[in-house]
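This report concerns only the one structure given below.
Labels A, B, C and D are assigned to the chains in the order they are written; within every chain, residues are numbered from 1.
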Amino acid sequence: MAEIVSLEEAVAELVHDGDSVALEGFTHLIPHAAGHELIRQGRRDLTLIRLTPDVVYDQMIGMGCARKLVFSWGGNPGVGSLHRLREAVEHAWPVPLELEEHSHAGMAAAYAAGAANLPFAVLRGYAGTDLPQHTRAASIECPFTGERLAAVPALRPDVGVIHAQRADRRGNVQLWGISGVQKEAVLAASRSLATVEEIVEELEPVPGAVILPTWVVTAVAVAVGGAHPSYVHGYYDRDNGFYRRWDAISRDRDAFSDWIREHVLEGAA
Amino acid sequence: MAEIVSLEEAVAELVHDGDSVALEGFTHLIPHAAGHELIRQGRRDLTLIRLTPDVVYDQMIGMGCARKLVFSWGGNPGVGSLHRLREAVEHAWPVPLELEEHSHAGMAAAYAAGAANLPFAVLRGYAGTDLPQHTRAASIECPFTGERLAAVPALRPDVGVIHAQRADRRGNVQLWGISGVQKEAVLAASRSLATVEEIVEELEPVPGAVILPTWVVTAVAVAVGGAHPSYVHGYYDRDNGFYRRWDAISRDRDAFSDWIREHVLEGAA
Amino acid sequence: MSDWTAEEMMAIAAARRLRDGAVCFVGIGLPSKAANLARATHAPGCVLIYESGTIGAKPLNLPLSIGDGELAETADTVVSVPEIFSYWLQGGRIDVGFLGAAQIDRYANLNSTVIGGYDHPRVRLPGGGGAPEIAASCKETLVILKQSPRTFVERLDFRTSVGFGDGPGSRAALGFTGGGVSAVITDLGELEPDPDTCELRLARIHAGVAVEDVIAATGWRLAVVPDLEVSAPPTDAELEALRSLKTAEEREPAG
Amino acid sequence: MSDWTAEEMMAIAAARRLRDGAVCFVGIGLPSKAANLARATHAPGCVLIYESGTIGAKPLNLPLSIGDGELAETADTVVSVPEIFSYWLQGGRIDVGFLGAAQIDRYANLNSTVIGGYDHPRVRLPGGGGAPEIAASCKETLVILKQSPRTFVERLDFRTSVGFGDGPGSRAALGFTGGGVSAVITDLGELEPDPDTCELRLARIHAGVAVEDVIAATGWRLAVVPDLEVSAPPTDAELEALRSLKTAEEREPAG
């Protein structure tokens, strides 16, 4: 049964320095509030896992929370580069960042394998590209046809973190709209945290909704607006202006540090 | 784009003697009307694929439509044996029936692999049982951990047949309730047929619904009551009495033949 | 109503094995009956999962099939069959698997495939269905079947599902993540594996049954634990709950 | 409005390549713009799939990200990201993949990973995302990018996605089911692979562009097809449709 706790408690309880942590949400339902709490609590040496590290990981990487990044597309969608990520990679600032790079298809298959308690996933890809020389991937032969396919190791994060529309009082979590890899990220992880916009008495069925039963979620925490500047289907829209403004803020170390101080560190927990 | 045609045309067009055919529907939405049309059109030498061959396959096997059965549980749910299946296996009547037997987990993974255009699926199972000596399965080693797992060949039927609640005029198919492996059976197959209770102008979204876009379905045919004696969530209930009566009907060759003549062959197309 | 049948005792003894809140993967028939009895008595928070993909089903009526509509209507969520077996069962999330069988051996391996030879069976049974992977992946597995020399055999005609394989170490060697069979509940008593040898031993006997009867109903030389217990007789509450478990039809017969 | 920019010509030429009813896996940016232009003009029945899992999206506004809410609201169905890549893209159901890139070589291999060395890149680009498997599995792939010696290079700094690999036979040897790149649409013209050598050749040139300019903008010795065509200039209808493609914000700017 999921415990319903404060975001501060949940992060303190679930995430430790050195953990591998997956904050998932594919353009939608990105758990920004949870990322900010990780920054406030000063987590270090994290292995951050995420298909699309965007602004939230740019912030965590810029604050030196991460030692390694496992990803498949690292950019500011519709805007351009992630400048904190680039500085970490290109100039090791504030700390060096190791990269383990995959394709979306590879990451998605690796999460699915993790959720299914398999040690690896099989897909058609990677072959013929330069990726295998720089990442964890292998070739595997079909025992029936002899065909060769790509294999990637399963993703099994220590902690899976997602943001959802709502949960009920027992901790059953409901999310809808673009659902990305959130179900897999929670099921593949040893521990999981779902931040939600609200707690309700009953989860009314919604078309296209994904339900994570309370017994597969470790903790649920209310975080109103917890996906901003990303969006929450049915609650609020994407703040596209923020993504554009982030480009300028994140280009400059001081502007970045000032923004974090003002909006994350002093921005009440 | 799916063509909307009569059940008779659809079966004549899509299913040929010797084809491998998967009629899927896990206790719910079992495509009985399509099975009866296959009997009326006298198909022969079919390889019938289905996790739970029940009354509909008992009827097709008893009429000699099948040369081989790929399955994981063959019984009359809540009643007992499938007597036509048993006679085919135990006494080769009316024709011999070759069996390829799997577990539900193996069949489900094999359909998923077929839908994903992979030649095989990996799972934790089969090992330690007598199944591998009697079916198509292999052992495969994880290239990262060295762990050994089971592999089963992907299922790629020539034709996938399902029954759904409804379709729209463009041939988009919508089903809800217990959805079984129907999506996988359609996506793994070269051709597909969806029988539906009704054609509607617009597919209103329904919680838990699966949508098969018209461009992945070959043909849609209206078959009102097409799942009876199975049920259609939101339309009609399971006819449990029929399943019980089937036990007596199917025990006796003549009673079976009479029933088929009366209810299938003379039962208008 | 302090009178009861051996079948009733079997269902009640099985139900008692389910702790409240346990996540239970349920086969149809006796396992489903026992699991729903547990829900109706001491384990209202028990989470029932059926292989049709219904997670957290709370049927008011006893389901006739693994995929009754009521299971979907009362479930917390319904997932596809590939997902229930991969993400949920193989994922290692199930506390208790609940199985029946046609034959069982001393190492709690199960046969639900054929009686006689595979190619020319005397009786062709339905087959494994979900059982092989339930037995492989659940944290523990409960088996419920009536005890007789025909069902409790020295040698299975076919090994459909693995209990403890060939004895100690087998499960680990097979890479199974689940713990294996924790108890076999019959109409005569309850068997549990010897922690050292993995062999099933008579651990509890139902009231009014003689040890000799259980041994006579077992196809191998059945060992008996030194401190053999007698199962507590059914309480009135248990019997009442069991007898009021009915299928929808039993409640309102169809025309 | 018979005046147009090279970028407009590029988007229009790309849109023309999409036949009505085609199932198209669309990357964000130029590919999405061209695909939505096709939908707004000659290909209203074109099925747009975005890697966020939205199948049959019909956005009124130009999406800013691959996962805008409007894509989900207007889609025929929304599936998970693992499913869109396994059952739909890898499943071999996609007619046309639509990609951009930072670098392309003569065999239409693409780089969207790094400029410079991988470990100490001069520029760290976002990375492959969905591109590698889009290039591998779609029946055909269209590439759209501005042409210059910096983008059309003799040697890629990193091979992110495979066009024709090292030439004839490469795709088959890699077990790729898709047909590979059928055209590269740039601001100067359109390149197509030589059926024999798989090498990209200038097949069509945009009105007002000189062949020398295209050759000068290419980092390898660009071959030109004997029967070089000139792309038809944009029609007023095309330009009007293109210019009325706007993001939600461009329609009603936020505060």
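Here is the rule we go by: contacts are C-beta pairs under 8 Å (C-beta built on N, C-alpha and C of every residue); 3 or more make two chains touch, one makes a residue touch a chain.
Everything numeric in this text was worked out from a predicted model, so none of it was measured.
Participant: Comparing B-C against A-C, which pair counts more contacting C-beta pairs?
Facilitator: Taking the two pairs in turn, the one with more contacts turns out to be B-C.
Participant: Would you kindly tell me how far, in whole Å, the mean C-alpha position of chain B lies from that of chain A?
Facilitator: It comes to 39 Å between the two C-alpha centres.
Participant: What whole-Å value do you get for the distance between chain A and chain D if each is reduced to the mean of its CA atoms?
Facilitator: 28
Participant: For chain A, give me the residues that contact two or more of the other chains.
Facilitator: Touching at least two other chains: 112, 117-118, 123-124, 147, 149, 183-184, 208.
Participant: Residues of chain D that contact two or more other chains, please.
Facilitator: Where chain D meets two or more other chains at a single residue, that happens at 77, 86, 90, 137, 177.
Participant: What's the complete list of touching chain pairs for this entry?
Facilitator: Applying the touch criterion to every chain pair yields A-B, A-C, A-D, B-C, B-D.
Participant: Write out the stretch or stretches of chain A touching chain B in their complex.
Facilitator: 117-120, 122-124, 136, 138-140, 142-145, 147, 149, 151, 153, 205-209
Participant: Okay, in this complex, where on chain D does chain A touch?
Facilitator: Going by the criterion above, the answer is residues 28-29, 51-54, 64-69, 71-72, 77-78, 80-82, 85-86, 89-90, 113, 118, 120-121, 123-133, 136-137, 158-162, 165, 170, 174-177, 247, 249, 254.
Participant: How about chain A: which of its residues touch chain C in the complex?
Facilitator: Checking each residue of chain A against chain C gives 1, 112, 115-118, 172, 183-184, 187, 210-211, 213, 215-216.
Participant: Can you list the residues on chain D that touch chain B in the complex?
Facilitator: Per the stated touch rule, the residues are 21, 23, 47, 55-56, 76-77, 86-87, 90-93, 137, 177.
Participant: Residues of chain B touching chain C in their complex?
Facilitator: It comes out as residues 26-28, 51-52, 71-75, 77-78, 81, 85-86, 89-90, 101-105, 108-109, 111-112, 123-131, 134, 147-149, 177-181, 183-184, 208, 210, 231, 233, 237-238, 240-241.
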